[in-house]
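Note that chain A is present in both complexes that follow, paired respectively with chain B and with chain C.
After this line comes the complex of A and B, so read on.
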């Protein structure tokens, strides 16, 4: 019966990627992974629809994020930083060629930097863009980068999955401007993209001459499976043999798989935070009291137990304490309904006789809570928070919408509360904090109503150029403490990555150093 | 029995032979329905049809009772969560078990019938109102007005209704009100067209001319001699369509565009259950069966009514219709 159900469900959900996927690869030497979309054009200098994990597979940065959170060598084997923190000289590896045979050298780096800097406005969410003064090839294997003013996360920014990655000079378009497209996705990374079938799969082949050592599997096949439920079924019916990342499968499926004999199901350390941003500029959340009350009414423990099935650790601060500069021992907001009721009563939000929800001056305490409607996990979280807030007389109107309108609300600040997960390890804290300066994400919109927003912004500018580590620690402490006390974010749990595979088939499966790379090259296949 | 009714009804409309003929004609211009093929098999088995009608009457009554008396008959508050007791199997406490947030499924089904039936009822009334107004204006006034209205109708009819509804909800935003609006906007054109042709035919019939000669005003002629027979046929048309509208509503809710949580709705419940399709398939099956039964219960009397009133069938042995 279960078998029959399996076949029927697989047929229903996987109709498209069944026998149609006639791919040329050796199944005994291939890792079959899946992703919600195709990997995209894989332009290293641009964003969606190119998928980060695949950009990581094909392109290398000058410097790489290490597992301990520090920065290690990449295409540059070492580097020097001048005393004043302005001049960076990168000494490049001499044994690297692009997969199309082009030589990798300082000229190639200059060519890549030039096209990135020509498209400045697209990348200004990262602090380094504003700071770069000039760059040049000092010798064939020495690349010099000069900043206008000191910028401490320079190396961190250069290690991000995009845009500072190296494309083969032969793949640039005639006019050298990659923002409109590239000729072919050719990099120096461990994998080459060899075939794309729209809506079906992308096939990668190993780079035999990879400077970091030849990858173990011969191929990585990435099937397109948009839906988490179908992905879990695809794993069970052995359509795919590797699940890795956040949101790839739902909590129940993970819970089921980890109880399945012969299946290894691992959970990573914190990889970001599932948080709700509260709009300090409009509606009832303008008031600090309401924002604080929302913190107290949320029973994070029950969400962790009941929705994540104890797979995710509860979050009490916006950034996890393991994030650099973020182990601040801030005082958590505990789950305390009485305290919430107290705060709201004092602020004038009272429950009128015979009514369920609080009011002040005839205005109901109702807040729009926005999330992406077809994300089942987000919807469950929103529903539980809605019930919890109702217990204290706060009405949350859930607005589950499709992704486009969600993002436009996020950018436009058209929300009361919005589910706003943080970006994860390579971006935290510096890139996320620096993006708080720009009206391009929920963070800026959530903070804009704070009376001390100008002060926060000044400190963000200051921290990014602080050369002294102690100084940075102090500034980060001040910024994050203010945001915590102002209760602009309601952190729920730290996100983690799920990793599921069959240990009799795959071995040496681990987690990547950052939040965006998947260590396919280390996997061995039995 | 069915035949007699058909005749009775036909005569009650006076000289409605032309009208009925055109009604049939107009109907054929609508998109063909799956039930068109079932009709033939239903017809000879009169006793079977009676049984089916009885069953559907029973189902509809039960649904109506569920919807009206939801607050009294549902064992729990449909939005009350209990995460500790999630995905509980059927038991004496929870007759149909609980969902992924520990809510009682039976209670959600019962309350869901309110939204599902209520929205379908509202949609039917709105479509009839819009279709009737526009269609009669077009048919009775004729001329340029008619031409303009009909071109607008055609514009609406060229799009597949579901796609157009999706597009409209994308513009208006999600929510049940917008779902109702979207379905009305995508469906009124068919009704307007049918009503136009009914009115057009009645307008030129002898007894209307007689009434005109006798000095009746346009308004009184329209209300007494045209609106009444048209409305009765319109009601039947709408009944035929209730199942179809029900599927539209649940379909859009399934996609997460309809009613917003925590209000229970059947399509929404199926969507939620998708996450547990492997471990708890019954979560999707139960509301699915409810939708199935309701659509069936709407379609059976709709088909029966059509059989009774369809002159091409009732007069099949004689001289045909047109």
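After this line comes the complex of A and C, so read on.
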């Protein structure tokens, strides 16, 4: 009977479902990276589940974000802008073909723009969507884009990882509507997606004819590893070669790896800001004094030391000074408990005899602090800030909830404070500042109680259409200075990307220009 | 026996219906808004207009009863809708991942059986001597060790330090060893002690004493009388271990990046991907019920009293 039992179970489990074969690749010419999910269908004109870093690998934009934050040539080798800022003419490269052999030309660009604009409601989070009036192929290699009104970040929006990326005309569905799906992920980028094994890996092969020069590695293998701890271990056991990005591994794993001999662990420059938005419309944070006091009671240095293990730079302004238009030399709010106490006392928030927290007119100084509860780093930040605020008599009620409840609160303005990281390059400052106009965003809800909100919104509209750079600098200075002085945001630290590899195996490893661009093509394998 | 199996299969229908109602209600009456989840996972800003469109698209603006029956009618055709996250049919992806989980669970069950049987027998046969002490210590460690902790320790020792076994992914037999051992350890230890206890109980029963008096060989007594009778409760326990193993596989799949259905479900729960969660819970219910049925059939095959009882009640 024992044998029968064994045979039955063996047949049931092993006979029916045998193991899949592991991916076959040569470690001498393949960079092995990992990501939390498969890269998805890689539709260049759509969003989730296509992963942005992989869309960047396969598809090119007309213009590309540069490392200095500026815009440089992409599929367009140059462009001209009319004096009124309404007409853009892009002069396209003549030496480009899609990886399926289709020619790249102005007709292909028109076809891509047409399908994107036919689905404009899906992309209306971008300022440019509302501004596009018409577009046409002027000649085989000249593409003209006409706007309804001037929009200075036009080129910035066109450089974003989606949706303005070029799909091969042969990969369009019969009805031309890519929002419902594409035939195959074929672009002009440095990589081709050649194989996907669901839940296991995605394999990319280099585009031998890439117009920007043949990529160094022959392949990029992206293994699916959802857990950051498992990813760090996979690196240590040499299952993967390369860790890159934000949130790929935990702070302590990075700290351990950077102390490991033979491992190079690099930290990028600022890639966004971990900030808290303070609601100026409801509760105690309606008062400027309370918002300012919260700035002074937060010891950002201890958060950086204790939570990020000194991997992230402390943030004193909402946008890092390296972001275009944002090096404004604004006066930081230092950690100063006495000053916070003084401001609160003057505003009438006093600690009653025998009590721990301040009150005014019988109302306690208690603020709801919302964050996504299953995010360990966000939870730690909230807990440290709660303890720091308590030292000044401010009670923070921590509301760590699941993502939907969190976003419902954000949308409805149902929060006192809310963790609200910025989007990083290439979305800063223009896309982030534009989003301050949209009621579904935390920024809008946080600012709505400001007496000068209408003025801020008017300036945001103005800056987006300002043709003159000096004028834009002035307007950004005014907008960001007002928000800083009104203490609507409490920046904590600038988020960074981690990059971990073994220098005896990989060389020429660097950071990409934007938050989604991983420069695999420059890497050389020893 | 056939009637017994058919009867048990029919009894699954009301059970699954009840489970389907509970699953549907829990997910729809909870604090989460599926429309909000849908928008968040699709990277669409949740404006009032977008929320209204999503509710209409997902059919959430109709009465709950109508929603339930429509969902059920699709579910009966194995159509659980489209995942909010992957935008792919849920059933297709779950069926893709299911064999991998069954493979891991199957190997874990095999480890449980192959190790718990000899160790349990040795512990009973040499009661109070070193094999018994060894099995006791092993059982103590095994049931007290969380599977995720064991998984990480094994990864560090056998994957990182010694480099003997791959630390992640699916491939050849070497890939399955660490995940399967981490899943199987607790069940193995419980089973081992159960076999020991049952065997000792059998050893002290009268029919064994009489067999010895008749001069039957000790090895024959152990094999045919003691072990065979001891296995009956063990089969029941193994049926329950299937649940433990499938539950443990969820943790192992995340740690070892094993492309199984548990990892898919954990991601769905984190993302509030309602269609996947509903399908996963129903599918696991079916598997559990089928395992229980399988256990009962084995039970009847092993113990003639159950067969006869069943036959007499039917006759």
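FYI, the second predicted complex is superposed on the first by the 502 of 526 C-alpha atoms of A that agree within 3 Å, B and C clash if a C-alpha of one lies under 4 Å from a C-alpha of the other, contacts with A are read in each partner's own complex, and residues count from 1 in each chain.
Here is the rule we go by: contacts are C-beta pairs under 8 Å (C-beta built on N, C-alpha and C of every residue); 3 or more make two chains touch, one makes a residue touch a chain.
Remember, predicted model here, so these are calculated numbers, not experimental data.
Between chain B and chain C, the partner in contact with more residues of chain A is C. Of the two partner chains placed around the shared chain by superposition, neither chain B nor chain C is touched by A:434. Contact with chain B, but none with chain C, is seen for A:380 once the two complexes are overlaid on the shared chain. In the superposition on chain A, A:233 makes contact with both chain B and chain C. Within the superposed three-chain model, A:248 lies out of touch with both chain B and chain C [touch as defined at top].
In the superposed pair of complexes, A:198 makes contact with chain C only, with no contact to chain B. Using the contact criterion defined above for the overlaid structures, shared-chain residue A:298 touches neither chain B nor chain C, since it reaches no partner. In the superposition on chain A, contact of A:256 is made with chain B only, not with chain C. With both structures placed on the common chain, the touch criterion links A:405 to chain B and to chain C. Chain A residues in contact with chain B (one complex) as well as with chain C (other complex) are 5, 9, 229, 233, 236, 374, 402, 405. Of all residues in chain C, only 31-33, 36-37, 40-47, 50, 85-87, 93, 96-97, 99-100, 102-103, 105-107, 109-110, 113-114, 117, 152, 155-156, 159-160, 163, 166-173, 175-176, 227-228, 231, 235, 254-257, 259-260, 263-264, 266-267, 270-272, 298, 301-302 touch chain A in the complex they form.
For chain A in complex with chain B, the residues that touch the partner chain are 5, 9, 228-229, 232-233, 236, 250, 252-253, 256, 302-303, 305-307, 373-374, 376, 379-380, 382-384, 386-387, 397-402, 405. For chain A in complex with chain C, the residues that touch the partner chain are 1-2, 5-6, 8-10, 12-14, 16-22, 37, 40-41, 47-49, 122, 125, 197-201, 223-227, 229-230, 233-234, 236-237, 239, 374, 402-405, 407-408, 411, 438-441.
The touching residues of chain B, when paired with chain A in their complex, are 79-81, 83-84, 86, 100-102, 170, 173-174, 255-257, 260-262, 272, 274-279, 281.
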